[in-house]
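For reference, the structures are reproduced in the following blocks.
Okay, so chain A shows up in both of these, paired with chain B first and chain C after.
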Partner chain A sequence: MHKKQSRDIFLFILGGVVLFFLSGMVDELRVYQGATIAIYVIAISSIILLTGYSGQVSLGHGALMAVGAYAAAVTRIEFKLPIILCFVVAVLLAAIGGALLGAAAARLSGPYLAGTTLALAIGLPSLANQFTVLGGEQGLLFDVGFPPLSLGEEFTQYKWFFWIAGLAALISMWIIKNILGSRYGRTWRAIRGNEVAAQLSGINIARSKILAFTISAGIAGLAGALLSMTIGTVSPSAFPLALSFSLLAGAVLSGLTTLGGAMIGAVVLVAIPEIADVVAHRVGSSERVTTNLPGFLVSALLILTVLFVPNGPVEQHRARKAKHLALKK
Partner chain B sequence: MDLLNTFLIGITAGTIYALMAISMVLVWRSTRVVNFAQAGMALLSTYFGYEAVSRLGSFWIALPVAMIGGALVAALVEIILIRLLVKHSSSGPIAGVAPIIATLGLLGVIRSISAMIWGGQDLRIVGPISNDGFTINGTTLVFSPLKLLILVTVLVLMLILSIVFQKTNIGLALRASAYAPEIARLSGIKVDWVRTLGWALAGAAGAVAGMFQTVNGNGTLSPDSIEFSLLLVSGFIAAVIGGLDSLIGAVIGGLVLGLMIAFVLMYVSSGLFFIAPFVILLTVLFIRPQGIFGAKAARRA
Partner chain C sequence: MKAMNRRKLIKVSAVLAAVSLAVTAVPAQAAVGVSSREIKLGMTLPMTGTASLGYNKIPGAAKAYFDYLNKNGGINGRKVKLIVKDDRYVPTEAVAKTNELILKDKVMALLAPLGTANVKAVAASVNPARRGVPVLFINTGFSGFAEKKKYPTTYTVLPSYVMEAKIMGEYIKDNFAGKKIGLLYQDDDFGTDALAGFKTAGVNFAVKVAYASGSQGAAAAAGWITKFKAAEADVVILFGVSSATSAMLGVAAQLKYAPQWMLGSVGGDATTIKLTGVPAGVLYNAIGFSPVPATTDMKDEYVKFFSDIYAKAVPGSTFDLNVLLGMNTAFMTAQALQAAGRNPTRKSLMAAIDSKGASFANSALVPAGYSKTSHVGLTGYWVGKYSPTGDLSPIGGTYVTYTTDSGSGAVVKSTYVRPAMPAKGLPN
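Right, the complex of A and B next:
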């Protein structure tokens, strides 16, 4: 166990080093997309933790991301704290929001929970218009500042975003992986498998579910703060219902129970607008088709995945391999 | 006067939510799926209605066109999507969330297809009669002939629906298949087709809700309009308040929700447009998790 862990640490660090070197070799747009992928990886893994492991569906993660983003921006503007502390505040506040939501969620199941969080996702961003400190419809500026001079003259802003987001993604994946491998991860899986049996073996169902919601919300808050970092502003329109849907789609595409698959979903989410663009260009379609094609593709992919690869590509591949091996014997 | 105004606005909005909730309940009873695409299907049917209004010029022809269109779309969805879903994704860790995810995906597909066909801009549907308020003793109410008409039409439709459910063989088949599918099948009811029928009825009810929601609002129609987001959330909330399993519950849930939203907007703050339904939902779920009319066992989704 110990050996495996140190190997994992090594792999994570190696992955980070490779990514950082890669960021120096591609153009600005790719670097920006890389940052977006890293942010989606974080957000998707928060959903995998919640839905795949503890079996709770949340459509409100867009709203929780908004909580994190606003928390970071407000601390940055009002208290001028260093950027890392802003992210910490984002995680903490989103986690508190998640704990409250989780307390309500622990009493609900399946479609009830989904509908409640859906109502939240639609409702919460509009609350920003109620408080002047949140800047209304225009939102707030969120400026993480220039990259430190020690990184050299040519070090661009986008590369700086990528470094921050990439590092955050590596660290949060590492933490999630360890949580899922711990007692808590097993507890959640037990609850998802059979709630009554889990209760019989002494698991406090409500408390575990709230814990899952809290952790997941904290991670989502981090993703939200990072997302608004790359956009430069925080406004209600940055966190539409479509964001919550895309995240869920990303998680389903990744395979709800395979954390390592988060990468697949994130890459697909970033690639789809590009693919849609190419397709629309080829076909020479009108503007209204072009603007709505990405949304259509994400939703269609979501349905197709649920119908034909319900447990995600990674799990599917694993199952097929296992079957193959069994046949050989 | 404010009180009366708010009450009448709330009741009118409430009947529309009630229709939406009825369509959620019909779907839930026939296939045990909470259909998050219901508002999307209502949106699509309203676009059918828009086409009919702009070609034929009459709201009263457009309404049945929208209803038939909505019923057909819903029946197709049940036959193509839901049957496949039951066949493919009813085991493994995804089983519990698969219907939710699939209907959400459907919502996205319908929204983006509508936006592709009709564009994102606002289209106008002109109501059958004036939406200018009645005047009593010199003061003008917000309550208008149009709102009165909506109220009456919805009540008539509900009456027809309840007669169909209580007095006809089709209604009996619908109730039997929802209550005990195995036994219903044994006694010769084609449960699969009864389910499709349940979806079709829901589609028609949703179409009426969509048409009325549009003319009751500012008369404009777009895939991302506030009216349809509200319909999406309110239909679900009204159904849950009523207990998801009961048609009468859905009606009462819709009315309660409509009234509560109207009063909150009037007396607390008009900015709470979307937060108010959420708070109401949470309050109901905390006090009575199975809804007002739900049986305790119905909670096991």
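Right, the complex of A and C next:
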């Protein structure tokens, strides 16, 4: 176990180094997309933790992201705290929101839980319109400042965003991986497998579920704060219902039970619109086709995934490998 | 000696090579988005989703004019290519798509982006100002974008909400003195702009009703009507989005509540109101405001010209306010490109608008305020009444236009004489 852990640390650091060099080799657009991918990785892994491990469905993660984003922006504007502290506040406030939601969610399951979180996704972001401190429909500016001068004059704002988001993604993946491998992760899996059996084994179901919601919400809050960092503003319209849905789609594409797959979902969500654009222009189709193609492609991929690789590509690959090995033996 | 000569030769050829490199490097530094054959422009706006209603006709309208222009020689032989991307009215998407337009498609300028939150997010994240990318003729009336220091490469075109409120206030003073006035407004910067304008105009309201964006619907409208009835308002101003106007007018028609309606231009487009399922008849007799001529006024040379081109380009599609504004924007852009010189650059394009923008031919009946110190577009409105089919036409048959600014300047009747349409509708 010890050996595995130090190997994991090494892999995460190696990942960081690779990303670091990669950011210097690609153009600005790719760096921006890389930052978006890193943010989606964080958001999707928060759903994987919640849905894949603790077995609770959330259609409202976009709203929790909004909580994190507003928390970070308001902290930055009102208290002028360093950016890292703004992210900490984002995580804490979103986690508190998640704990409250989790307390309600622990009493609900299936479609009722889905319905509750859906209502949150629709209602919560537009609450911002009610309070002037939150800037209404046009939102607030969220300025993390220019990259440090020591990085050089050529260092772009997007590369700075990418570094922040990439580091945040690596750290949060590291934390989630450890939580999932810990007693809590095992408890959640037990609940997901069979609630009655888990209860008989002495697991406090409600408390475990609330904890899962709290942690997942905190991570989603971080993703929200990072997302608003990349667009420089926070506004209700940046967290539409479609965001919650596409994150869930990303999680399904990644494989709900494989944390490592979060990368696949994130890349797909960012790449699909661009692929659709290229396809549409090559075929030379009408505007209506071009604008609706990304949505169509994601939906089609989702259906195909559910049909052919319901546990996600990574899990499927692992299962096939295990089967192969068993046959060999 | 021979060796010496060789050394000299090497030196001379090195200098020559350096000079020729420097010379050839000049065309390589040619303006971004401009090649010998085309000029690339980019546009992001909602093409899908609920916010796309009506607005998704703007790109088709702009393209219809650019196609006409390209068929007739383009801009100094270059064709204008408009790349359109769907932002679904989501700021995150607007930023992502604008990044693609600037960094991948390498457009020369951004054209007519829509929505205050989106334009703000793009300004903060993509920062076209730092990149020197012109953002031409934005589709929002928020007065803040005219702040040249904050948005040095952004040009507004629609008159601001402050201007509109001030002009409404002036009209009320002239025509409804002593009457009780009610106001419905959106509880955000859109409404704040309006309140600022009404305050400058000195309008005293008997009742003010605010609604939060997204809360407008039939149930809410019934509540609003109760408040306006209780205050016995004679004139009710609806300064909101189309969905608020249509909810209000639809419910009022059912309840037989009929004060004198006065509609802000944002929520007063009949085509968009019809798309929400309310018959256009509810607009009948309401007072409305517009900077461009009535879309049904075929005696107007611009309207006639634009509607002819549009009918050929997009057969079967109604020629409405969004189409007219979209084509007008393309028309002004073409003149700006033409005025930017034989080899236009981003800088020369902006300089052209600064120096000549105020005299560009365009359909608007009010003056534009472009100058070296101002990026403010149109500065006024004419007042009209809606027909039973929802078409706005001038009261008394002639356009009476008012002009003002977004500050404390007075509202005056405009004496502006619109430039005549250039030959064949092409920039000269």
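What to note about this one:
Here is the rule we go by: the second predicted complex is superposed on the first by the 328 of 329 C-alpha atoms of A that agree within 3 Å, B and C clash if a C-alpha of one lies under 4 Å from a C-alpha of the other, contacts with A are read in each partner's own complex, and residues count from 1 in each chain.
Throughout what follows, a residue touches a chain if its C-beta (ideal position, glycine included) is under 8 Å from a C-beta of that chain, and two chains touch if they have at least 3 such contacts.
Keep in mind it's a predicted model, so treat the numbers as computed, not measured.
Of the two partner chains, chain C is the only one touched by A:E274; chain B is not.
Once the two complexes are laid over each other on the shared chain, residue contacts for A:N129 go to chain B and to chain C alike.
In the superposition on chain A, contact is made by A:N292 with both chain B and chain C.
Judged by the touch definition given at the top, the superposed model places A:G15 against neither chain B nor chain C. Using the contact criterion defined above for the overlaid structures, shared-chain residue A:L241 touches chain B, although it does not reach chain C. Contacts of A:P313 after superposition on the shared chain: neither chain B nor chain C is touched. Chain A has more of its residues touched by B than by the other of chain B and chain C. Judged by the touch definition given at the top, the superposed model places A:I231 against chain C, while chain B stays out of reach. Looking at the shared chain after the overlay, A:Q138 reaches chain C, while chain B stays out of its contact range.
Residues 126, 129-130, 242, 291-292, 295 of chain A touch chain B in one complex and chain C in the other.
Residues of chain C touching chain A in their complex: 47-49, 59-60, 84-86, 88-92, 95-96, 99-100, 103-104, 115-118, 120-121, 123-125, 127, 142, 186-190, 212-215. On chain A, the positions that touch chain C within their shared complex are 27-29, 32-33, 36, 126, 129-130, 136-139, 141-143, 157, 227, 230-233, 235-238, 240, 242-243, 273-274, 277, 287, 290-292, 295.
Chain B makes touch with chain A in their complex at residues 33-34, 36, 81, 84-85, 88-89, 92-94, 96-102, 104-109, 111-113, 115-116, 119-120, 229, 232-233, 236-237, 240, 269, 271-275, 277-278, 281-282, 285-286, 289, 299-301.
If you check the complex, the residues on chain A that touch chain B are 51-52, 55, 57, 59, 104, 107-112, 114-116, 118-120, 122-124, 126-127, 129-130, 192, 241-242, 245, 248-249, 252, 256-257, 288-289, 291-293, 295-296, 298-300, 302-303, 306-308, 310-311.
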